[in-house]
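Structure first, commentary second.
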Amino acid sequence: MIYRNLRFALNSAWQSFWRNLAVSMAAVLSITLILILAGINLLVGHAFSQVLDGFRAKVSEISINVADGTPLQSVYDFQQQLSTDPRVSGVRFITKDEALVQFKADPNNLVLAQQIEGNPLDAKLEVRVTRLDDVAAIDTLARRWPGVDPTNPTNYQGDFVNRMLELSSWLGVAGVGLLAILVVVSIVIVMNTIRTAVYHRRKEIEVMKLVGATEWFVRGPFVIEGVMTGLIAAAFALALLVIAYEPAVDRFRSDVAFIPLSYDPAFVASLARDLLVGGALLGALGSYIGVRRYVRL
Amino acid sequence: MIYRNLRFALNSAWQSFWRNLAVSMAAVLSITLILILAGINLLVGHAFSQVLDGFRAKVSEISINVADGTPLQSVYDFQQQLSTDPRVSGVRFITKDEALVQFKADPNNLVLAQQIEGNPLDAKLEVRVTRLDDVAAIDTLARRWPGVDPTNPTNYQGDFVNRMLELSSWLGVAGVGLLAILVVVSIVIVMNTIRTAVYHRRKEIEVMKLVGATEWFVRGPFVIEGVMTGLIAAAFALALLVIAYEPAVDRFRSDVAFIPLSYDPAFVASLARDLLVGGALLGALGSYIGVRRYVRL
Amino acid sequence: MRYTARDLATRALRRGPSQQETHLMVLTPDFDTRPVISFQHVWKTYPTGTEALRDVNLVVPEGDFVFLVGPSGAGKSTLVRLLIREEKPTKGKIFVDGIELGRMKRRQLPKYRRKVGLVFQDFKLLPNLTVYENVAFALRVHGEAEHTIHSRAAEALDTVGLAGKENSLPANLSGGEQQRVAIARALVHAPRFIIADEPTGNLDPATAWEIMQLFLRINARGATVVMATHNREIVDLLRRRVVAIDAGQVARDDRSGRYHDDLSKSQIRAQ
Amino acid sequence: MRYTARDLATRALRRGPSQQETHLMVLTPDFDTRPVISFQHVWKTYPTGTEALRDVNLVVPEGDFVFLVGPSGAGKSTLVRLLIREEKPTKGKIFVDGIELGRMKRRQLPKYRRKVGLVFQDFKLLPNLTVYENVAFALRVHGEAEHTIHSRAAEALDTVGLAGKENSLPANLSGGEQQRVAIARALVHAPRFIIADEPTGNLDPATAWEIMQLFLRINARGATVVMATHNREIVDLLRRRVVAIDAGQVARDDRSGRYHDDLSKSQIRAQ
């Protein structure tokens, strides 16, 4: 009996979908567009986190300039102190000579390199800090170290990093906010689409009830139709996103070369899962809420 | 007669709006949400352009470090050369002493300042460049000047500015793309909402035509209802945005202090105009397209 | 049996008025002999494949009063739908007032339909408009002034016995009341043609009879009336022209007919 | 005049079968004396303020066949709507099968309605389902197996003369055909009660008569039938119980009645 009812619900959802094709396609189109937006959001979020990881890695390195004439033992001691610090993941010592080689190797410095007499460059300690938040503390530590070059102590741009941190946390909040708005918008729109459809079929629902159908018998086909609509929309959205994903990444990479965005095929699978599940849930919830009001006896 | 028809269309749009309140409110809600997104887009765009203007002003300043021992005459000549350059809007000379005063005034350098003996700082030329794109050229010019300090020639971070330029042009394109998608989405959704409503009223439309109504007589009320829906939605969206605008700006300013976002009451008027006109057009176009198919005799 | 315009001209003379008809005869007009409606070899096949009409020929002179009778599914409503160009014939031609309906431009259609008063089998009221507004709608499409609309709609509703229900929505009316709203809407603009499909199906005999009087009165003022009906009592009592449709064909066309021809009637009774 | 269960018990004896009724009498069952439907001082006022029923009392024994007659807007459909709990009475109680409808739980309603076969004045077919599916729907809510559904629905459609129209949508049927689909749906699950509102309004006399035979046959098998109708011919011919409603009140309740009582009938004829 439950099997029979389920089969009936499936059948009649299917038929209703095709018989009201205009309305069905309207719903599919709306949901598709919303899921595309959601998908873009997920993709951009993923790309952003990829890029941010790279950025964090870069900014969480600081180099400490060592004043000329600092005893080597003092530098080693400080290097030792830093490398045992739990906040630091690595320290590398670069001698004055190494620094000069690096400087001359940079084609930007071609003209300047010829003017240099002797070696005006500092030796430096390159420190890799584990957490971005701790870079400021390490910088303070370095500036208190007597061996630091007072005119040009570190390459740490406190302001800049702090600003980036502020901004990125704000962007994070804004991103979550936008996602929340998008979710609310999509649920409301799906609910509206389906509620409108159901509103205009309330006479039909009334007739079904008059003929003795139970509430779930009436609801079933509507909910299944909603799930169907959601899945079809998700499939469309997914197809478009998958087609557009790789070219968009390529394009971005060639335009904005310095951001290490990469095409991530593994992410497509998780995107597919999210979109299909999301579409089905959206459809089911939308029709359930849409139909509930009119199904009450 | 035209006046009578118009009055009838207005009346019947009004009545239909209230009698199908469920459907009307569904449409209003959808459009409101879309207009809120569009409004946020406009507001963020406005804020972004405000901030970008500030940012451009800042980044388009570079300071050129003068090597110790450079004859003052040479510095004045170079300053002269720069200030007659059409790309430059201003040059200021800062002596070694002034630089030291500035350095000591910065609380970040408290510890270091005590260790300093003599004045290890460079004198510098602060140059304000008119167009951001030209900063790189000025930097190259400076590095070729013999009086520049070879170890630390300018504070110009070519990479950084170039990247910012790349990124901001990409963000510009992406923003326009997003706006385009949003516009398409909203038109489609409004069209769908209204088409769904009209689809379910096609019997009614048929009846009107059987009683001898002309196409425009049938269409009129629907189009007006669409405009009404759009205007009401725009009013809601506008109210919410206006209420949220100032607190959001305040909040942002206190969290991300360095970005000079400011509350701009003048922008509210232009926002109101855009939203109301947009809502009305959206509603009118949506219902016109939605109703067209069924009104054909 | 074909029914020609000339037959009509002599109709009043030839028919001996029965006792029951006496008070109706007063209202019966002299007939103009111009045929205002004519069907010429009309076929109608629906997209589903149903042959609803097959080679129908029919001439209706101005001022005539025609009953369309026939079993359920015979094609009566289809004939009505063709007459108001809700459907187009698959083959053949239909002339109304000298215009061929198949050739009529889309833009002329509203004007044509305003000349016609229509009562549908399924009422076709506008569910979102009140009773008053439904009736007024037929006047609004004419672009009448508000005060004209008001007085004429009120009068029409009064005539069908619905004074007091003006502000009800159709959904809040009984079946017979809805039917009467449909009738009021069809009559309110005093149309030249009245085409009514089963206008008394949901009415009790007394109300049905009153409504028939109304149609007769309007016919007496010169309007041509075509009415599909199953009401044997009324058809047999009025003895007007009866066109019987069966399986899409004109089976009978009697100048002063009854619902059943005498043969089939006795068969039914014997059941 | 009140009509009691005891009256019914002696009904077959007292009534001298007329010639026309002979072949029907064979089908008439002995009446069980248990009252299955009873209205006790029932009032119904719609939210619009219309007093549709005023102090209605009515007892229907099991297996009875009741005609509800009365002018348009009298309250017949309202009485039917109360009986299937589409509406609740404003005052008073309605018992069906020993259960008070007003006290019935929301969850019990579907089960109750499945016992009833309903024909509505406006058909209430499901517009998106084919004719076959509309009829099958009444069996599906019972959870019948697919092959049972198929054979019973096909049989019911055949009985009302719609074999061949199974796959049409209601919108593509004539008025009378839609009415017959509604009748087939009401009868297909052999319900214990049949409540029919104007089931022959859109049918020609011959078809109407066939459908009535069907109702009589089902009544003969023990089902209780309540039928609102305007069909004077059929009511007068069958001479069953007639309950006349007028302005929301029971005006007459005759054991073997006619459409009009003798007084009013002559009045109508004289019009």
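Chains here go by letter, A, B, C and D, matching the order in which they are written, and residues are numbered from 1 within each.
In this text, contacts are C-beta pairs under 8 Å (C-beta built on N, C-alpha and C of every residue); 3 or more make two chains touch, one makes a residue touch a chain.
Keep in mind it's a predicted model, so treat the numbers as computed, not measured.
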{"item": "Of all other chains, the one whose Cα centre sits farthest from chain C", "value": "A"}
{"item": "Averaged-CA centre spacing for the pair chain D and chain C, given as whole angstrom", "value": "30"}
{"item": "For chain A paired with chain D, centre-to-centre distance based on mean C-alpha positions, whole Å", "value": "65"}
{"item": "Chain centre separation (chain B, chain D; CA means) in Å", "value": "69"}
{"item": "Contacts with 2+ other chains: residues of chain A", "value": "20"}
{"item": "Category of the chain touch graph - line, ring, star, complete, other", "value": "ring"}
{"item": "Touching pairs - complete list by chain label", "value": "A-B, A-D, B-C, C-D"}
{"item": "Residues of chain A defined as touching chain D within the complex", "value": "1, 4-5, 8, 12, 15-16, 19-20, 203-204, 206-215, 217, 296-297"}
{"item": "Interfacial residue positions of chain A with respect to chain B in the complex", "value": "20, 22-23, 26-27, 29-30, 33-34, 36-37, 40, 108, 111-113, 115-116, 120-121, 143-144, 146, 148, 150-153, 158-159, 163, 166-167, 170, 181, 184-185, 188-189, 192-193, 195-197, 199-200, 252, 255-259"}
{"item": "Chain A-touching residues of chain D, taken from the complex the two chains share", "value": "84, 86, 106, 109-114, 116, 118, 120, 124-129, 137-138, 140-143, 145-146, 185"}
{"item": "Contact set on chain C toward chain D in their complex", "value": "46, 48, 50, 69-74, 76-77, 121-122, 168, 172-177, 179-180, 197-198, 201-209, 230, 232-233, 259, 268, 271"}
